[in-house]
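The two complexes that follow have subunit A in common; it is paired with subunit B in the first and with subunit C in the second.
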Partner chain A sequence: MLYKRYLSMLLKSQLQYKASFVMTAIGQFLVSFTTFLSMYFMFDRFSQVEGFTFSEVLLCFSVVLMAFSFTECFARGFDVFPRLIRTGELDRILVRPRSVVFQVLTSTMEFTRFGRFLQAVLVLCYAIPASGVNWTGDKIITLIAMFLGGCAVFAGLFILYAGFSFFTIDGLEFMNIFTDGSREFGKYPLVIYGEGVLKLLTYVIPIALFQYYPFLYLIGRTENRWMMVLPLVGFVFLLPCYGFFRLGLSRYQSTGS
Partner chain B sequence: MKQYISFFRIRFAAGLQYRTAAWAGISTQFFWGIMNILMYRAFYQSNPEGFPMDFRQLTGYVWLQQAFLAMFMTWFYDNEIFGHITDGSIAYELCRPCDLYSMWFVKNMAIRLSRVALRCFPILLVVALLPAPYGISLPVSLPAFLLFLVSMLLGFLVLIAFNMLVYISAFYTISPMGIRILVTSVLEFLAGAVIPIPFFPKWLQPVLYALPFGSVQSTPFLVYVGHLDAEAAVRAVALQLFWVLALVAVGRFAMGKALKKVVVQGG
Partner chain C sequence: MIELKGISKTFRVAKREAGLGNALRSFFKREYEEVKALQDISFRIDEGEMVGYIGPNGAGKSSTIKIMSGVMSPDSGECIINGRVPWKERTAHVQQIGVVFGQRSQLWWDVPVADSFQLIRDIYRVPEEEYRKTEKQLIDMLDIGEVVKTPARQLSLGQRMRCEIAASLLHRPKILFLDEPTIGLDAVSKIAVRDFIKELNRTRGTTVILTTHDMQDIEALTQRILLIGKGKILLDGTLEELKARRSHYRTVTVDHSGACLPHLEGAEILQDLGGHAQLRLDTDILPVARAIAMISAATEIKDFSVEGESIDDLVVSLYKEFEI
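Right, the complex of A and B next:
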């Protein structure tokens, strides 16, 4: 398959600079490790937040970080999409006989993000026994659904980000609110930011669908079994994001060269 | 001296051109500030006794952090400088009749200050109008305010002296990405940018205040919100001065050594 070939090609090329690759991966690990440490210090001081304990909150932290770093690795092309526009690289993509999305995805990947992913997996391994959750089949399915739903929502956000770059390059920084912001603030159960924020993150940017609600089911605060499949609604979020991207693409007039 | 002022002016003026980016940045920083404050509020409500400072002091700290983000952000570097080192165009820089360290130092100051100039006032204006525990209050006294200004300047210089060390490391490593990301994450955390230093465990706090990291943004912000008493504040500012001098000395020394060995391959 063509995708596999691209994958191995990009991986090989990045592994050419081994020292830099390892350092960057360690750096990625450390970046999220400081976030983890700061959470540890906060819970060391306050012991709980709105009744959630440290090990319960770690479930949120690790699932969000796993989904984010996984998506960031493979959807990196959308993350650097503004560059494709600025350099005119997109024009080359448009004349090739493969879909745009496929080519953007394969234009670059960022394997050093596995440093972050690894961190998330380690934290999850700690949190799974420590959180005191009784891991029945239902709960395991919920956890997997949370990860998949998270990947879908983050992919949607990256595509949305790329879509916005058709309209503004300078003003893109505000999109960090949604991409980096979701990762950063998704480390705590979203309800701690208050009802208003929770509603916003349920209906507008559906992060709560794969984070807060299924999390409640995991730790046994609700018995509603619908929470198991709720994260998968995240895939629906991909539609408007992709639609927006197409809209931008249809108005694209090239940057000339 | 005149040449450095010119470098500063050019870079500063160039930075002022990015107005859309500034508005995008301002909205991002508002959001970031609000979310942070909501998070601390949740912890405050869960356990008010555990809170190491007044809630008002905390919100002041958060808003100062957001308003002056461009001044103290640890992940921002001038890619042009890394470019000069890795692609060899440093040869041209070396031909200029001025001191490389000072020139880069001044350029970095200018880029950051131009960003702050566009962003800090709208943010400060709005948060000054927010209702009591959520906004930012006036400084405790006039002397405290003056000390805050001095401390801001010194913290800024400490940070840029740090940045310079990372630029200089590129002379030795070719690919500066790794070191850059390591330094960024460590500096960000130990400087109290992730959580303020008073939220660290008690035994760790004195260490962090003593290290150069604590002299970056933590000292000026804590002085402003009145978390440090007068005597501690003066001592902290003196420490900042020490770190500026020490880090600049180290940077100059390392750069001198690197430049002695630098070989630019033809082209």
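Right, the complex of A and C next:
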């Protein structure tokens, strides 16, 4: 399968520089570890935030971080899309008989993000027993749905970012509010930022769909079983993002820049 | 078959004066300048032709190639290649073309070239048996048997270019676009690349469209020349026709004992230093024989040679003639 061949090719390429690979992966691990530490010290003082305990919040934190680092690894092509335009690699993509999205996805992958992913997994391993959740089948499904929905929403945000880079190169920094910002916001259950922010993050950038609402179900604050599948709505978010990307692409093809 | 009819393309280029103040101003209010990259471009290229597409930098060569390879769509006009509109049926179209951008690589930098080839095989869905045959052929013809085991980043430019060309031919395209394939290559590699392209055209009947600034490429490879300048096709003809346009010009080299040559009507003195002079004669005004007579009357001629214009001069004078 072609995707697998790309995967092994990129892995081979990155392992050419072993020391750099290992250092970056460790760096990624440490960066998110400091985030974890800051949370630890805060809860050490206050013990609860809006009624959520430390280990409950860690569930939230780890799922969001897992989804983010996973997406950052495999949808990296959209994250570095301005580079593909600048170097002309996009023209090369356009003269190959495969879909543009597929080729962007396979143009680069950032395996060092597994440092971050590993961190998230470790935290999750700690939080699963410590959170006091009774892990029945539907709770496990919810957790998996949260991860998948998170990947979809983050992927959507990266695709949106790539779409914007067709129109402007200078103004791209503001998009980081949505990508990196979502990750940072997502550390805590979104309700702590207030009702307004929660609405924004539900209807505009639908992070809450895979984070806050199913999380409530997970820790038993709500019995609404719809929350189990709510994260999958994140996949619907991909559609407008993809549409916007196509719009940008057709503009690129008509302006050539 | 390639057919372009009335292709036009206009770009909007943001313009601003230098300086911080202007940079700030343009942040709020952009001014755009319309650049007519292509104006009413029409031509037809039959299967199996080798065409040299020449013109100065910024004339519109790359834009035309981008349109023909489906990367860009024109504002107006028709372009049909083997029955398809490139930018509308992109994936079907690109399966039949090969593109070499001379200044950019399509090989994966850190893995052996052979690995890149295999990936390209999968991208184009080339059947295994056909691939093995094609790959072997290309490797033999381009003499890159050892080279393909090396990562692309360790190759010399000449080696890499040969690999690039092989990479764009693995799916046996009917049309090959070469954008400056010999740029920066040493003499040996240049000749190897040229010989290969000629051979490819002869044996497989591949249509080749070549943009270049190297006139020896044109002389060695192409029968037909398309000259583009300021977005317009200025000339479409054979190399011979082109030469015939300026066949009344001769370059005369004279070694003489005098201090300098006299001024002659119809002759332009290109250089005259220490008894070694070069003149360009317009034979319609001043035939060679008369020029010799006039020079030998003024000074003693030691050595003497007459040549037609070199192809580089030819192109320079063409550019001058069309003011591009």
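Convention: the second predicted complex is superposed on the first by the 252 of 257 C-alpha atoms of A that agree within 3 Å, B and C clash if a C-alpha of one lies under 4 Å from a C-alpha of the other, contacts with A are read in each partner's own complex, and residues count from 1 in each chain.
Simple rule for what comes next: a residue touches a chain if its C-beta (ideal position, glycine included) is under 8 Å from a C-beta of that chain, and two chains touch if they have at least 3 such contacts.
Treat the numbers as computed from the prediction; the structure is a model and nothing was measured.
Trainee: Scan A:Phe185 for contacts with subunit B and subunit C and give back first, second, both or neither.
Mentor: A:Phe185: touches subunit B, not subunit C.
Trainee: After superposition on the shared chain, which partner residues are touched by A:Asn224: those of subunit B (first), subunit C (second), both, or neither?
Mentor: Once the two structures are laid over each other on A, A:Asn224 reaches no partner at all.
Trainee: A:Thr87 in the overlay: touching subunit B, subunit C, both, or neither? Say first, second, both or neither.
Mentor: It touches subunit C, and subunit B stays clear.
Trainee: Between subunit B and subunit C, which makes contact with more of the residues in subunit A?
Mentor: B
Trainee: Just to be sure I follow: which residues of subunit A are touched by subunit B in one complex and then by subunit C in the other one?
Mentor: 17
Trainee: Okay, in this complex, where on subunit C does subunit A touch?
Mentor: 9, 11-12, 63, 66, 69-73, 75, 87, 90-92, 94-95, 97, 99, 101, 104, 106, 108-111, 115, 118-119, 122-125, 151
Trainee: Across the complex, what residues on subunit B touch subunit A?
Mentor: Answer in residue numbers: 18, 20-21, 23-25, 27-28, 31-32, 35, 38-39, 42-43, 45-47, 50, 52, 175, 177-182, 184-186, 188-189, 194-195, 199-201.
Trainee: For the complex, which residues does subunit A have touching subunit C?
Mentor: 2, 5-6, 9, 12-14, 16-17, 87-89, 91-92, 94-99, 253-257
Trainee: Considering the complex alone, what residue numbers of subunit A touch subunit B?
Mentor: Within the complex, subunit A touches subunit B at residues 17, 19-20, 22-24, 26-28, 30-31, 33-35, 37-38, 41-42, 44-51, 168, 170-174, 176-177, 181, 185, 188, 192-194, 197.
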